[in-house]
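Quick heads-up: structures coming right below.
In what comes next, chain A is part of two complexes: it sits with chain B in the first one and with chain C in the second one.
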Partner chain A sequence: MNRMTPYLFMAPAAVIIVITLLYPLGYMVYGSFRDWDPSQTIGETEWVGLRNYIVLYGDPAFRESMWVTLKFAFWVVTVEMILGVGLALLLDRNLRGMSLLRTLFILPMMIAPVVVGLMWRYMYHPTVGTINRWLKEFGFSGVDWLGQHALLSVIIADVWQWTPFIFILSLAALQSLPSSAIEAARMDGATNWQAIWHIKLPLMMPVLIVTCLLRLIDAFKVLEVILVLTEGGPGLSTEILALRISRTATEFRELGTAAAMSGYLMLLLMTLTAAMFIYTKLVERRAQRLARMVAEAE
Partner chain B sequence: MRQSLKTLAAATGLAIASLGSAHAGPYDEFAGTTLVVNFPAHPHYNAVMQVLPEFTKETGIEVEVDQLPYLKMRERQTLELGQEDGDYDLIAYVVFSKADYVYADQLENLARYFMNPKLADPSYDSDDLIDGYVYNIGFAGGKKGYLEGKTGSLFGIPFGSETSVLGYRKDIFDKHGLKVPETYDELLETACKIPELEPGMGGLSSRAASGHHASHAFLLHLAPLGGRVFDDAWKPRINDEAGVAAANALKTIVDCGPEGAASYGFGEALGSFLNGDTAMFLDTTVVAGQIDDPSKSQVVGKVGWAMHPMGVRRGSQTGGFGIGIPKNALNKEAAFLLMQWLTSKKGDKLVAMAGGNPSRFSTHADEDVNAKFPHMATFGEALKHADPDWRPIIPVWGKINADIGTTLSKVLTEDLDIQEALDGVAERAEAIMDEAGYYTWQ
Partner chain C sequence: MPNQDRQHPAFYAVLVTLVFMAVGPICLMFINSFKLDVDILSGTSGLLFMPTLQNYETALCDVLPYEPDHLEYCSLKIGGSFTNSLIISIVSTALTLVIGCMAAYALVRFRFMGRDVASMTTLAVRMLPPAVLLVPVFGLWNNEFCIDKDSFVGELIRDTFGGRGDICLAGTHSGIILVYIAMNLPFVIWILQSFIVQVPRQLEEAARMDGAGPFQVFFLVVLPLIRPGLAAAAIFAFRIAWNEYLLASALSDRDTKTVPILIVNNMSEFNIEWGVIMATGMLLAIPPIIFTLLASRQIITGMTAGAVKG
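Moving on, here comes the complex of A and B:
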């Protein structure tokens, strides 16, 4: 067998990866260095070096959009993680009807984001919306959901749709935990809370971190729900980066600037991903240590 | 054997057709062609869908429609028009796309089609098309680059165009002896009086949500109040006295409007009027069909129509859609025939009778149309004052429009000072215009 044979076998897969993954990425990065109008092919455009990145750095609207994106991503991921893991811990038991309940929980995730946006938009409607009608029914005054509380409103809609994602992965992680570890803890007199805090959560941590990372990446790219709910307003208060990128490309027809925005977003996500992977490694080591201790105790 | 007979029959058919070709109809050459058109999901184009079978029956040209929500349509067109061979033979474009498409050389100049005796229908009567719509939606290269003029050309024909009129609740106005507003002062006074007279009811429902909604609502008041976004040298003048008055008008309307009006998009503003939560609606004529539709409206028979109130001048908006032929279309001549048929007197009336927005003066005055839609005469009157220059249609408008809309949204929701807000918009607009080269000759 030739020394090159393994590489020859790998070549088709490598070519497909380069074409489908790296080429569009490279195209985007290349476009971010050009003054690019949608009517031009990328080859016809003018090379402007880092100008798009520098202009964006000094653009208050872009900075505000970045700040809104960070706030949105932080809150949705935090709340979804707490609720999703909490629900998984609560529903991780073999009672009658539990599988039906679990199925119902994951329904929101299956709805198209545009529909979710529309549904919440009408529920938030100041006069005919269900939420304000209920509030008024119970003697409260209506809330200006999509005005003064627009960011909170889009966070609620996102939490409603994506908490099930955390729930389903957390539940899978919980159900794959070694029962011996939990039984051993119980035999040592651990309470439910202690078992969760000291055994279940540390053992689930590698899965939770990956789940958190997936949600974080997704939260930075949310578009349709916000577009339908608030169109980024009032002002720029809910204009997250994905929406600004879409507008810059289609409404302002500045593909180079939109590509540079995507470049910034990619850099931010890569940094966050790297940080979380480092953290995952540390946590994995801790989980392995814990698993070893449990095994030794047995 | 069967195949040979078929071939013989086809050859005989062709021979007979060629014998009569000296007097062939204008559509014969294109019979059997299938046109692919891109239309928005919009009441006017829903009416067009009902009329298209009539076109196919008359011409033998089939039409396949790709109907999309209009923002999605713009997105799709941005990609489609940049290809070498396009999928679309005819597109509907929203008015502000005219600048982008013409500037990028993506739309056909229609002169060569109207010059072609085999294609141009002598009874088309282009003088009957509404001037304001044609200049606003169809022309480019004339005055200011985006209007009619000696250097201008026609790139599209208005189709699904609209102007602004005031809808008001006759029952509420009669109940309280209110006068239908004719001026802006009267409009604002009445808008704020109504919530006092009818607790829980808003005065006037307006679009106000961040972005193009707020910008549209502001510009709607700017022209009649004597303002413009730019002066003749392209310097922003949006922050002058008229600009401040227009922003103040919008703020008053929102403050005296229905609950949560500051976050209303077009749908919510119209919905509020249809539900009977607001007494007036100052916006596009396209809503008339829905207001008269009992399945959608709770105010059927209760709405009267009046001209867009006057400020220092009359100036109702012009907007909506036009239709044009993409440069990369595969069936341009057949597409022109469809475009001409749809915007002819016959086509315009058929679409109007199906609930669409007419683009011709004659359709607004037509007896049958008025018998079915009594508001059409008022709309025709409003169109005499349609202002084709109420908002600039230039390639960088998208960016300036978005800035106006988000800044005014802050005025409406965060009490940002109006003068300060408009000064900021003017400063940023000047920088955008400078970068785009509008001051090169100064």
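Moving on, here comes the complex of A and C:
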């Protein structure tokens, strides 16, 4: 076997990742320090240092957009985690149609976000939409979904699409738990709740944290659903950062500013990921210490 | 020991509600795509209506062999976009699989200098949001990744395809395909690694003893064994490429736009033609739905492999 073989296997992937992801990323950082519009090549642009970043930092609309992004990501991940894990705990039984059920549950996440937006836009429609029609049928008054409650509506649509993801992963984690631990707890007279709270959830924790992290990263990628549902409006109430970047770049044609926004988004993502990573390590270390203490006590 | 299959009735009620909530919106779109706008907007919800194919005829008017009666001219040209979507997602999926497979194999089976860096990089770029790529890719594809029109190759392409200016990646199928390969690679490499680890080393060694080179071992021994993993990875890669909107909209021109772009363009109009747009949405949703129904087990294995290993 040749020493070059692994490099030959890696080469195509490496070339594509460097040309299409890493080089553009560098290009973006470089462009964010420049006064750049689409008609210019980047060589012709003027170097403005940190100006784009500073201007954005002082821009209330941009801050609002940052805040909306954080709110959206927080609520989406929280609600989906609770619902998904809850459903997995509920449905972790010997059911006959379980595989069919799982198939139906993953349908929403396979469908294009654009189409998800389209479906929900119809259902949220103030007069002919399904939801308001039903509300009225039961004697409630209609809700102004995409107006007053736009952020909530957008969150609901995302929860609909992505809760199944967490459900499937938690269910897989649950079903791979050692049955001996749960059996032992049951023998000691633990109730269902106690078994869930003290045995199942702690044992699932590693998978749950990874799932949560994956979902968090994906929550920052969401754009199409919101674009189709509200186009960021009304006002700035649902204009997440990704949407603002694309609008700044394509509508206002301020590439430098959009690049700086992308820079902020990357910073935000990296901070959150790092924080979660450190938290995971802390949790792991605490679990190990606990295990050691138990071992020493015996 | 109580029978495991018998549950409380309330449990089944919850189950039915859940299924209804998961599939309901999709069914609603399906049903509405067979309704006339009058029926959709009239407020009589339910199943009492005359199903019609008119919406699909309107959506597909440029590929139908006959001219639908209700149309004066064909405005929504989904046929071309459909072809674009198909070309872009199939080619990008195939290339992603081949390239990703090889990389995953190298990362799992070989110890080499730079392996940790490569592994960490694929992991890190997985979190890149497409919106972050938008600006630089737009700039690069339009201005830098070009062939000069005065160069030999540039002249050759100019003479063959016509047009003015430099030949750039933006606006071509290959430009979009390249982005999709890059976007899917990290994920595909990640999933396939967990499948390749499970291939018994002895098989590879036996093949090598029989005189097979590393590439033969890879293509003839390893690849056939990880077929389920390949299926899962293929579905995920296809799904991303088929469904993606943002980068496609920035990089395509009139002739290369994909179906999601068509839908978004028609949604931002003041008067939405619900029936037609839902028929278009249905056409876009059908391939992923079919994949899900046929290969849900592979999808679930792939999802869990991708996450649990992390």
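A few notes on this one:
In this text, the second predicted complex is superposed on the first by the 263 of 298 C-alpha atoms of A that agree within 3 Å, B and C clash if a C-alpha of one lies under 4 Å from a C-alpha of the other, contacts with A are read in each partner's own complex, and residues count from 1 in each chain.
Here is the rule we go by: a residue touches a chain if its C-beta (ideal position, glycine included) is under 8 Å from a C-beta of that chain, and two chains touch if they have at least 3 such contacts.
None of the values given here were measured: they were computed from a predicted structure.
The superposed arrangement places chain B and chain C in clashing positions on chain A.
One of chain B and chain C touches more residues of chain A, and that partner is C. When the two structures are aligned on the shared chain, A:Gly142 is found in touch with chain B, with no touch to chain C. Of the two partner chains, chain C is the only one touched by A:Ile168; chain B is not. In the superposition on chain A, contact of A:Leu268 is made with neither chain B nor chain C. After overlaying the two complexes on the shared chain, residue contacts for A:Arg133 are found with chain C alone; chain B is out of touch.
In the superposition on chain A, A:Met123 makes contact with chain C only, not with chain B. Once the two complexes are laid over each other on the shared chain, residue contacts for A:Val283 go to neither chain B nor chain C.
When the two complexes are overlaid on their common chain A, residue A:Phe9 makes contact with chain C while staying clear of chain B. By the touch criterion stated above, A:Val48 is placed in contact with neither chain B nor chain C. In the superposition on chain A, contact of A:Glu231 is made with both chain B and chain C. Working note: chain B versus chain C after chain A overlay, options 149-157, 311-319, 329-337 or 365-373, clashing stretch identified as 329-337. For the contact definition in use here, the residues of chain A common to its chain B contact set and its chain C contact set are 38, 41, 127-128, 231, 249-250.
Those residues of chain A that touch chain B in the shared complex are 37-39, 41, 61, 125-128, 142, 144-148, 150, 230-237, 239, 247, 249-254. Chain C contributes residues 4-5, 7, 14-15, 18-19, 21-23, 25-26, 28-29, 32, 40-41, 43, 45, 98-100, 102-103, 105-107, 109-110, 112, 115, 118, 121-122, 125-140, 142-144, 178-179, 181-182, 185-186, 189, 208, 214, 218, 239, 242-243, 245-246, 249-250, 260, 263-264, 267-268, 274, 277-278, 281, 284-285, 288-289, 291-293, 296-297, 299-300, 303-304, 307-308, 310 to its touches with chain A in the complex. Those residues of chain B that touch chain A in the complex are listed here as 74-75, 78-79, 81-82, 100, 103-106, 209-211, 213-214, 258-260, 262-263, 265, 268, 271-272, 275, 277, 395-396, 398-399, 401-403, 405-407, 409-410, 412-414. Those residues of chain A that touch chain C in the complex are listed here as 1-3, 5-7, 9-10, 12-14, 16-17, 19-25, 27-28, 31, 36, 38, 41-42, 87, 90-91, 93-96, 99, 101-108, 110-115, 117-123, 127-128, 130, 133, 160, 164-165, 168-169, 172-173, 207, 210-211, 213-214, 217, 220-221, 223-224, 227-228, 231, 241-243, 245-246, 249-250, 255, 258-259, 262, 265-266, 269, 273.
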